[in-house]
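In order of appearance the chains are A, B, C, D, E, F, G and H, and numbering begins at 1 in each one.
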Amino acid sequence: MIWTVYLSGEIHSDWRDQIIAGAKALELPVVFTSAVTNHEASDAAGDLLQPESSGYWRDHKSSRVNGIRTQTLLEKCDLAIIRFGDKYKQWNAAFDAGYCAAKGKPYITLHAEDIIHPLKEVDGSAMAWAQTPAQVVEILSYVVDE
Amino acid sequence: MIWTVYLSGEIHSDWRDQIIAGAKALELPVVFTSAVTNHEASDAAGDLLQPESSGYWRDHKSSRVNGIRTQTLLEKCDLAIIRFGDKYKQWNAAFDAGYCAAKGKPYITLHAEDIIHPLKEVDGSAMAWAQTPAQVVEILSYVVDE
Amino acid sequence: MIWTVYLSGEIHSDWRDQIIAGAKALELPVVFTSAVTNHEASDAAGDLLQPESSGYWRDHKSSRVNGIRTQTLLEKCDLAIIRFGDKYKQWNAAFDAGYCAAKGKPYITLHAEDIIHPLKEVDGSAMAWAQTPAQVVEILSYVVDE
Amino acid sequence: MIWTVYLSGEIHSDWRDQIIAGAKALELPVVFTSAVTNHEASDAAGDLLQPESSGYWRDHKSSRVNGIRTQTLLEKCDLAIIRFGDKYKQWNAAFDAGYCAAKGKPYITLHAEDIIHPLKEVDGSAMAWAQTPAQVVEILSYVVDE
Amino acid sequence: MIWTVYLSGEIHSDWRDQIIAGAKALELPVVFTSAVTNHEASDAAGDLLQPESSGYWRDHKSSRVNGIRTQTLLEKCDLAIIRFGDKYKQWNAAFDAGYCAAKGKPYITLHAEDIIHPLKEVDGSAMAWAQTPAQVVEILSYVVDE
Amino acid sequence: MIWTVYLSGEIHSDWRDQIIAGAKALELPVVFTSAVTNHEASDAAGDLLQPESSGYWRDHKSSRVNGIRTQTLLEKCDLAIIRFGDKYKQWNAAFDAGYCAAKGKPYITLHAEDIIHPLKEVDGSAMAWAQTPAQVVEILSYVVDE
Amino acid sequence: MIWTVYLSGEIHSDWRDQIIAGAKALELPVVFTSAVTNHEASDAAGDLLQPESSGYWRDHKSSRVNGIRTQTLLEKCDLAIIRFGDKYKQWNAAFDAGYCAAKGKPYITLHAEDIIHPLKEVDGSAMAWAQTPAQVVEILSYVVDE
Amino acid sequence: MIWTVYLSGEIHSDWRDQIIAGAKALELPVVFTSAVTNHEASDAAGDLLQPESSGYWRDHKSSRVNGIRTQTLLEKCDLAIIRFGDKYKQWNAAFDAGYCAAKGKPYITLHAEDIIHPLKEVDGSAMAWAQTPAQVVEILSYVVDE
């Protein structure tokens, strides 16, 4: 079995690359998926469509175009890794966690110790809380073992 | 028909009271539900249970006890109002929004204009974005009209 | 058992009133629900919300506010009556029919004979095709008999 | 991942060919599906079956045979494109949109600006509104990017 | 809790009356539902609708009108009793059993010993096989006890 | 797309072979599945298991072993063909039809004209009624066309 | 809102009575349901039905009659309390826990500390682990607070 | 079709190896999946994660990491074999059986005759009860036959 793992959240550090490289090094039977992680491209995802918009409607148009991709990939994944960094609100990551919880889809959170308390509901429904990409790779290695 | 409306999010302002009072004044056929909104009681929800815990496990134990209530009430509501204030991370509110989206349950977000951009995914799946409790009451009044 | 019947479609003739009056005359155990049928109110359902919008976004905002009501009532009904009149596009009525079909919710179409052909997919998934409100009442009377 | 995209609606213009050609030119990992788009064949889909029928029952018989194909392909697609042209009622396209909405399946509408208002409920549940096949291809290209 | 019990199958003997009378005598908290059991009325259920039809299409029209009632009542029941008598094909009773099995809805079959073998698939998914209405009442009495 | 078609019902004539041969001749992209159609093997499916049983319990044990196969194949098929011959009760075929109806899985019935009336509920939920294997092949050919 | 709480497991101590009495003393809006807890009656639940059976088939017949009640009450409850005592295998309690987990239904386990390790999978999906009926009542009191 | 069969339960005897070898000898089109069956590795599955824990929380952490694997494989299997040996509590096996029952996923129990009575609820929802791995292989061989 090939496992599909969705990587959700922070786009300003290289945690995705670390996990993907780690899984590759171990030759794990895992395929990774993700939202479009180019921030500017993501914000502009709906700009080609009419009506030309700014502010709330521009965000709305782009977030729904992005939703075509993210909702589909979440539905198809076997496991999600939800990453919270030390900057920004990252409400979309918490949103993805809630989506997984409602669908009975297992997810692992990945974040530092200092935000345990505000993340307690998100962590409470998670299957595991990891602090480093290396830990995520180690869990993956254990979970997908054949 | 009596509508059940779940009020999710910020617990440091009186937005719940305003909405409930507004609906009462209009005699709307609406029942409101909510998580336990006493912050200290919520944090201590699991403290009576063994093993005595602190830090991560204390949060974990309490968040799961709270989850008995919040998951059940979310499943039973017809509509959720998801409130984001100007303080704190409020990841649980975004989590509830994701939960509603996955279940096909309609929700309205309630927040100020200055956090439109970080909330774009949460707003993108919402049925409406309101800025004041009075607007929420007005929409409720329209929606539940018989 | 009280049956809940959702009345979808045309708002420019009195077919809803005829069905409701007919059911009342027979004292059928039926409750009727419906979208907001005041055309102007429906088009303006989102106008109280920011950002002020016109054209596509105004329609979008209002249709989503209306969706809170219509999606909820469709989910809760036992049976839907989908009415197509002789004017306008009435794509929302066909949309509701598709929604019912996907949910396994039974529906009856109500329309004149001259639009049988363009409605063949909508009729093909319907449980019955009626031409007059009186026929709908007669079927209701038969179906809900105790 | 190979994406499956269902093309629903108008059969009197070459919009399907344009989208398919555009996706092919970009070598997108997309497979397209569709109802039988030969109008005469579609109307006669049930003619080989007894009882020989005309009018309503002929349409009924054929629409249900067509439904074997269309319902199955809709259930299996990842995304639907719903096209409304400038002629005919096209209630089947709106029906497909409602079906997708009920199943939580994302769809994009494709239509000219002059029918925004009658399509507001259909557009309100769509993830995007495009006006040209080229825009659809551009969104596909963005959404399926690996 | 009030239990809702759907009575499916044979309409030529008084088994329904016996079960209802037995439950009433014991004052069980049970409500019974059923298809329309007047054979002629059931066959004519669609006759008021156009197009006037005979043979296959008359049966089709009536069976779908009846389906509005039977499908809804099956979905709402807590338990079904599926009765097979010694005459007729009674394929609708076996159809209802398959419907219950697919929905995870418990059902009890009620039939004589001499048709055990042809009913083995239907009995195999049943929660119990009873031979007399009195046995059904006894099981009901046990099952709904508070 | 490869279509999976489940063949349910009568095991005393060669209708399965005719359909399979017809599809093969046309090189249709169809895979056929079926219950075990060896009557004696099917009746003895549970005989290897304890406790040794006869009568009702033997049938019960075998029908549940057979159910592992039939339930799984029904869940995985895209379309079912439900065949009623002129002998025996064939309640399992009607059971499979009800199962499909409850799951929203399309099916075609295949039977002679003289049993239209007792099959009216089974036919009423079918997508088509065919009288010969050749008609089934013709419909398959139309439906799976690429 | 009235909460429905299913009490599953051990029938040889008075833990059910303690929880019910505790909830009554606090006037909690809770209704309790349960399997038939009379051991002999439960073992004999199918004895009235043919064929007379002993050993495996007697157990099978009774367990399926009991399943009508237990499956229905589990489906309808908002929360389950799963009790493991210090005697017997109690596999039915673990079975109910697995059933709840699969349905996304919250449950609380109630057991002594010395069986933590063998119950780790059952506890791992629980929302809370309590050691005394009084703790369960305290959690209920917190969770159902209005 | 390749069947996926999940092997749940006892890890102290070689029943898994016997079934796998038996299926291989017959060249059955079956793939087997399983929890991690190395007892020490399974108990330590969460040890790499913070916070370092012992007792209840260590078990909790590990059982949830294991749950990522077991829940996913259960969801994806076509059939489960649930094994109860003569030692230990094996509540996780009963838990898996309840999970399968709730999902409508067929399972076969594998256990000796002397624990029939305490397993009656688990067996009551099973499709078959086998006493030896050889019997399981024989049933598999029958069920997956093409």
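Definition applied: a contact is a pair of C-beta atoms (placed from the backbone, for glycine too) under 8 Å apart; a residue touches a chain by one contact, two chains touch by 3 or more.
All values reported here derive from a predicted model rather than from experimental measurement.
Novice: Equivalent interface to A-H, which of E-G, E-F or D-E, with over half of contact pairs matching by residue number?
Specialist: Most of the contact pairs in A-H are shared with E-G.
Novice: Quick check: more C-beta contact pairs in D-E or C-E?
Specialist: C-E
Novice: Whole-Å distance, subunit A centre to subunit F centre, using C-alpha means?
Specialist: 44
Novice: Quick one: subunit F and subunit H, Cα centre-to-centre, how many Å?
Specialist: 31
Novice: Round to the nearest whole Å and give the separation of the Cα centres of subunit E and subunit H.
Specialist: Computed from C-alpha means, the inter-chain centre distance equals 37 Å.
Novice: Two or more other chains in contact with one residue: find those residues in subunit G.
Specialist: Within subunit G, residues 50, 55-56, 64, 67, 104, 113, 129 contact more than one other chain.
Novice: Can you check the complex and tell me which residues of subunit H touch subunit A?
Specialist: Within the complex, subunit H contacts subunit A at residues 33, 36, 41, 45-46, 48-50, 61, 64-65, 67-69, 71-73, 76.
Novice: Provide the residue numbers of subunit E that touch subunit D in the complex, in ascending order.
Specialist: On the subunit E side, the touching residues are 50-51, 53, 55-57.
Novice: Which bits of subunit G are touching subunit B when the two form their complex?
Specialist: 1, 3, 78-79, 104, 106, 108, 113, 127-131, 135, 138-139, 142-145
Novice: Give every residue of subunit G touching subunit H within the complex, in rising order.
Specialist: Those residues of subunit G that touch subunit H are 55-56, 59-60, 62-64, 66-67, 70, 84, 88-92, 94-103, 113, 115-125, 129.
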